[in-house]
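Next come two complexes built around subunit A: one with subunit B, the other with subunit C.
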Partner chain A sequence: MNRFTIATATSYDDASAIVKSDRFALPILKAGGMDVVDHLKEGLWEPDALVDVLRAEGGAAAPIQEHREAGRSSIRLSALTTLDEIATSTLIQARCPALAQSAGSAATPQVRNVATAAGNLLQRPRCWYYRSKDFDCLKKGGDRCYAVQGLNRYHAIFGDGPCHIVHPSNLAPALMVAGGVAHLTGGDRDSIPIAKLYHTPDRGVRDEHNLKPGEVVTAITLNAAPNSGFYAIKEKQSFDWPLVMAAVALELDGTRIANARVCAGAVAPVPWMLPAVGQALRDVSIDDDAGLKAACARATQGAAPMSDNAYKLKLLPVAIRRAVLKAAGKEVE
Partner chain B sequence: MPETPARAITAPDDADTQSHTPTHMPTTNRPINMGKTVADQASRLDGIAKVTGRAMYARDYYMDNSLFVAFIRCPVGVGRMVSADEDAARATPGVVEVTIDRREGTYAGQPVGRIAAESKTALRRAMRALNARWDAGECKTEIEHVMMPPPETSEAAQRALAGADHVLEAVYSTPVQTHSPLETHGAVVDHRGDRAIVYSSTQGVQAAADGLEDALALKRSQYEVRCEYIGGGFGSKLNGAGREGIAAGEVSRAHGRPASCFTDRDEDHLDTGNRPSSRTSVRVGFNNDGTIVGGHIHSWGGVGVARGGGGVDCPSGHYNLGQMQAGNESVQLNAGAPRPFRAPGWPQGKFAEELMVDEIAAICGADPLAIRLRMETSEARKEMYQLGAKLIDWNSRTANGSGRGVTKRGLGMGGTSWRRFPARAEAEVVIHRDGSVVAKTGTQDIGTGMRTVAGVLCAEHLGVPLDHVDVAIGRSTLPIGPGSGGSMTSHNVAPAMIAAAEDAKAKLLDALADTLGEPARDLDLVDGRILQRGEPVMDFAQACAKLPREQITGRGEFSRNGGAQQHLGEGTSDGVQFVDLSVDTETGVIKVNRVIAIQACGRVVCRKTAESQIIGGVIQGLSYALFEHKMLDRNTGSMVNANLEQYKILGTDDTPLIEPVLWTKGQTGVRSLGEPPTIPTAGATACALLNAIGAPVRHLPLTPDKVLDAIEEAQP
Partner chain C sequence: MPDQTPSHHVPSRVPSGVPDGGVTRRSFMRTVGLSAVAATAQTQAERLGDAQPSTEDTNQFGPEPGRIRLKINGQTHQLTIDPATTLMEALRWHAALAGTKEVCDRGACGACSVLVDGRLVTSCMMLAHDAVGKDITTVEGLAKGERLDPIQESFIRHDALQCGYCTPGLLMASKALLSDNPRPTFEQIKQGLSGNICRCGTYTNVFNAVLEASGQEPLRDPEGPDA
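After this line comes the complex of A and B, so read on.
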């Protein structure tokens, strides 16, 4: 690890100002620090300053709140709300269970206690070629994606490359189906929908998101999605990222699915919306297992697995079906 | 670990209740020597020091004015260093030494030179300034890339195959497992010109000292190796002082300053040994009733750049396999060499063998328990299988793959054994006039509980409570003790320590007899009290105060042919394990519910540490079965998961209820326990998986992708 300064930001605007000033050559925003410190330890980043946003709201993060307006309800989290606070919030559990479940199944209790919502959305991929200093891959300015000819069991089954990471965030798919929006300061816009937060590698392989330098996330809002669910399939139950995950938001008419939004995670370089599955789920009864299976089987249309990860094609429809059942309040395996 | 209420298992009616001691956690085990030993409830002597952080591990020694040493390493499987800026590295502030010994490498992680500097930061900067550039060549990373076909099958084996009702042909494989101790490999050396102290993370303080004369340029009498505590060993720290220790020694001597050389986590995965990968190819003939008549088993071990060490214990000798031809070859690859790893060769072999037996049972429609009872070569294991079957409720087992519903349950079993390897051990028991007692032997405690075992044996055979005894181990200057490998520490130290304690006791009673003017044969020391013709006359402290000199030293020694043979006793290290698991057949995810581990280890010296050893063995075995896998990039030969995130190890949520059962029938002498409990776990797990899903997964680790493929194949 190199020497660096810790600059404590007193507000999000202050954080943005420090990043944009010429005080430091390579300032990096730090919230919980889980992913930032990983990068420092591996020698992937050598910032001269960490701009700490943990005190940007004066100490404690603003509480999770619900706003109701014209019959619509929206929920607001601080950028600094921790995964544990999201998972255990009775408001989120009731108004957007998919989000609470996604936070609760991420990582470990220790990580959830410090990891923040904004940090989770902006964490970098776990690709072992990216994370290892021995491989000068595309993401680090090199000339190839080592996963293509190499080992890729945890890599993407969707997307045209040239880089085949999967986006690791648990929260992102849940926020995608709940109309999540990231609120910003420091740039020329106030917010960006989560649906527009990420870009595919062909639009820039060095980063995954569309924030400009100096843009800082201040809060996240989402629509209430009381019939929503999240399911992650994990190889290992402690201390690991999922193999495949799915978030689903339903509108139910009795047992009939009137509308469904489906987003998969850990299958593509960005959270992967599956509109065809949403479409196919329409009018299926949540008690019609064969119907659900047929609809969820559509998830793998257009997938192009790599040499070692075709198994994800089997997992993805299962994760979606189980997320649907959870969204409908049913018990799953 | 799952919370379970402490409930006693009632012993099966027909079993000898003295022959086994079932346990639930929190444990209620009752070894046969219950009530006769000071150790029924004894806790690890150093437990508090460890959990409070008071225990100092070698890695914890940050000495004033210390230098730090790191190796320059080849980053690829086959590499040539085409450039390196040694001047820039030397010019980095704080750097005191940069040497490059060679400019090619044949495995990722191979040391080719080293840098010494005044801080770890300076080291890292120097590595960066060195900017070594490597050309990568073509490399071999898998056994299949290199292996030759098996030799011809002998005529006898061919005849057996031809006469059999069925023949099973299968290939089983296991990946490289790294030791992954929490404390990585290395040492801190404090060289003071004419003497030195070496703080080494080692499984053998004596062997570590043996390898350091040249590096330190000192006589053996001038330095001491210390290892009071060690953060995990598992076999990879049996290599004397190791290259890290030698490097720290040379640097400390050259600069007259302390020097610390420890591997980082990635280096630890790459270059400090491993359990080699294996491939076992079987062609085995058997009759309709499941009787195996013979065939041909050939195995390969992927030993990286080592010449040998790829043994696979299949056949294990546990089963009568008829006319079986067997062979093994070590296969060279561009990868780090193996080192001994908790029962070298055995978990690999037992994975193949136990699954093979269950596949044969499946083809014959036979009960895997019945088939084992027929083939088993050990009477003790036969009895253990029968007890284990009751404890796991084997009768509730359903036919392979027959479970309804998405989640299917499976049961499996496997056996283990271990030999007794004799080694030299010397011990001293010193009684001081103030009533304090020290038990000394130059072995070390690698987490097994050796310190506690030494203390218990001393206390018991001297006749004083355990808290009277201080144990001195972990220093090369103490009387010779065995290295902690081959499960041979306790059983070699035990006879020596018992003899030393008895010698000390005899000397104490003699001295007391003189003072009292009574015959020594009328005196005894029991539970800290002096008895005269069976009546208490004074306590131990009062007796010691009467000693004519400051201390009495009792001595004991044990070796293959001499000394203390009378304390050997009887016993074996046989065992069996049963695994109960559930498989989510839609996701392929396995959840292990429960493991019963029946294990003999001779006389149980300390119940808690014995059980802990068994539980640890099972955890390591399950981790091997389900997760562990050193993965080398097939193009560059670099390891892709050289950390403890992507190199997956069993975690809390993956750990089932593990019930150690100490088998005490016929066990009177101390026997091996370190290695046997990790041997059968992966095989038993694979058998349970076959039972659950109706198809074998023949390649470790048992990950969801392979489980789903097997389920698909099993479908008609």
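After this line comes the complex of A and C, so read on.
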């Protein structure tokens, strides 16, 4: 790691002010530091300051809260709520199981104890060309995506490039189906829906999100989605980012699916909504396995796998179907 | 010919007995390590002078090395470190507590696991500065004086280590698990220890050690709970 200053922000506004001031040439926001420290160790970033938001709420994150208004429930997390707190919160387990499951299946107990919600959404991709200092890829200002001709087993099956990363966040697909919103300070808006937080590589390849420098996430809200589920397929059951993940939120009328929102992860450079699958699931009974399979098979429409990752076409419908079953409260192995 | 005896219990090239007044490899390393640390600490303290504010007084730490105080195993250590020092480096190199091991240095193996305010973390991925004001527990802090922690006793009874490099991390993960959940199921034990890799593959004995330390029957069949 290069030598840097640690500037402790006393509030999110303070964090934003430090980033925007000319006190430092290349300040980087740090929360749990899991991804930031990784970049520093790999020599990918050489900031002159880390702006530490861990103490922005006075030391501990605000507790997870529920707001009820006109019969609707919404949940509020702090930007600093950890993955472990999300996974083990009985409130989130009841109101948005997909989110609790997505947090609980990420990484390891050690990582989940430190990794924050905002940091998870804004972590950078795992593409091995991006993560290696030796490859001057598009994301680092180079002129090509090495995955196109190179090893692309863990890369995208959707999207037109020019860069073929998959978005790595476990929380993002779950928040997408639950109407998640990131609350912001330091810019000219108070919030941004998670559905608008990310952009595809054709609209800017150097970063994945639409926050401006100095914009800081303060909290995340979501709608209750009691019939929701998350399923990840991984190579190893611990440590690994998923090969494919799916989050589903259902509205049920008895056993009939009245409405379904489906978002896949680890298949595209952004969390990938699958409205065609949502449509096809409508009016299918959750007991009709053939019907569910047929609907989930639509997930791969429009996919364009690369040389080594066509296997994801087989995994994706399975992950979605299992997420649907979990959303309906069924046991899935 | 002892050198050719294939045994992983008795390392063949290390003398088993140390002559009276002799120095073991470990105590030798320890002396060297400690004096090196003491020397650096002294020169840095001299260079910085006592006027150097500690990070607790300001919201800025660095870019020059500065003093932090870490509470490790109940004792306060005053360390002069570079802001880019990880908690693992602070423990091993600056506080001379080498029980915490470094393997991957990327949060991907669990060998460096310690408790920070009771929570299991990988110390290689945490900046030491993040642990200021918190209670840090390392493997050195498990025993009470000469009395080992029950989980350590149980590891010994179940031979829950081969090379032993993963052991401090697995002990801390087991300790964290049992503090949260004094009687975990087999599945919960696997979950709780799922952030620790043992390259030698001693998992079954580790699971047995945790089962026994939580007052449960160890497994007989290494393949699973229901054999």
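The working rule: the second predicted complex is superposed on the first by the 333 of 333 C-alpha atoms of A that agree within 3 Å, B and C clash if a C-alpha of one lies under 4 Å from a C-alpha of the other, contacts with A are read in each partner's own complex, and residues count from 1 in each chain.
Everything below uses one rule, namely that a residue touches a chain if its C-beta (ideal position, glycine included) is under 8 Å from a C-beta of that chain, and two chains touch if they have at least 3 such contacts.
What you see is a predicted model, and the numbers here were worked out from it, not measured in a lab.
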Taking the superposition on A as described, I'd like to know which of subunit B and subunit C A:238 touches: first, second, both or neither. both
Which partner chains sit in contact with A:114 here, subunit B, subunit C, both or neither? Use first/second/both/neither. second
Which superposed partner A:315 touches (first subunit B, second subunit C, both, neither): first
Which holds for A:8: it touches subunit B only (first), subunit C only (second), both, or neither? second
Under the stated touch criterion, which partner chain does A:40 make contact with: subunit B (first), subunit C (second), both, or neither? second
Which partner does A:54 contact after superposing on A: first (subunit B), second (subunit C), both, neither? second
Please write out, lowest number first, the residues of subunit A touched by both subunit B and subunit C across the two complexes. 1-3, 237-239
Spell out the residues on subunit A that touch subunit B in their complex, using ranges where they run on. 1-3, 43, 126, 128-129, 131-132, 134-135, 146, 149-151, 153, 233-240, 243, 311, 314-315, 318, 333
Subunit B contacts subunit A in the complex at 75-76, 108, 121, 124, 406-407, 584, 586-589, 591, 626-627, 631, 633-636, 638, 640-643, 645-646, 648, 650-654, 703-705, 708-709
Hey, which residues of subunit C end up touching subunit A in the complex? 55, 59-63, 82-84, 86, 105-108, 110, 113, 119-122, 125-127, 129-130, 173, 176, 191-192, 194-195, 197
Subunit A contacts subunit C in the complex at 1-10, 33-34, 37-38, 40-41, 48, 50, 52, 54, 84, 107-111, 113-114, 237-239
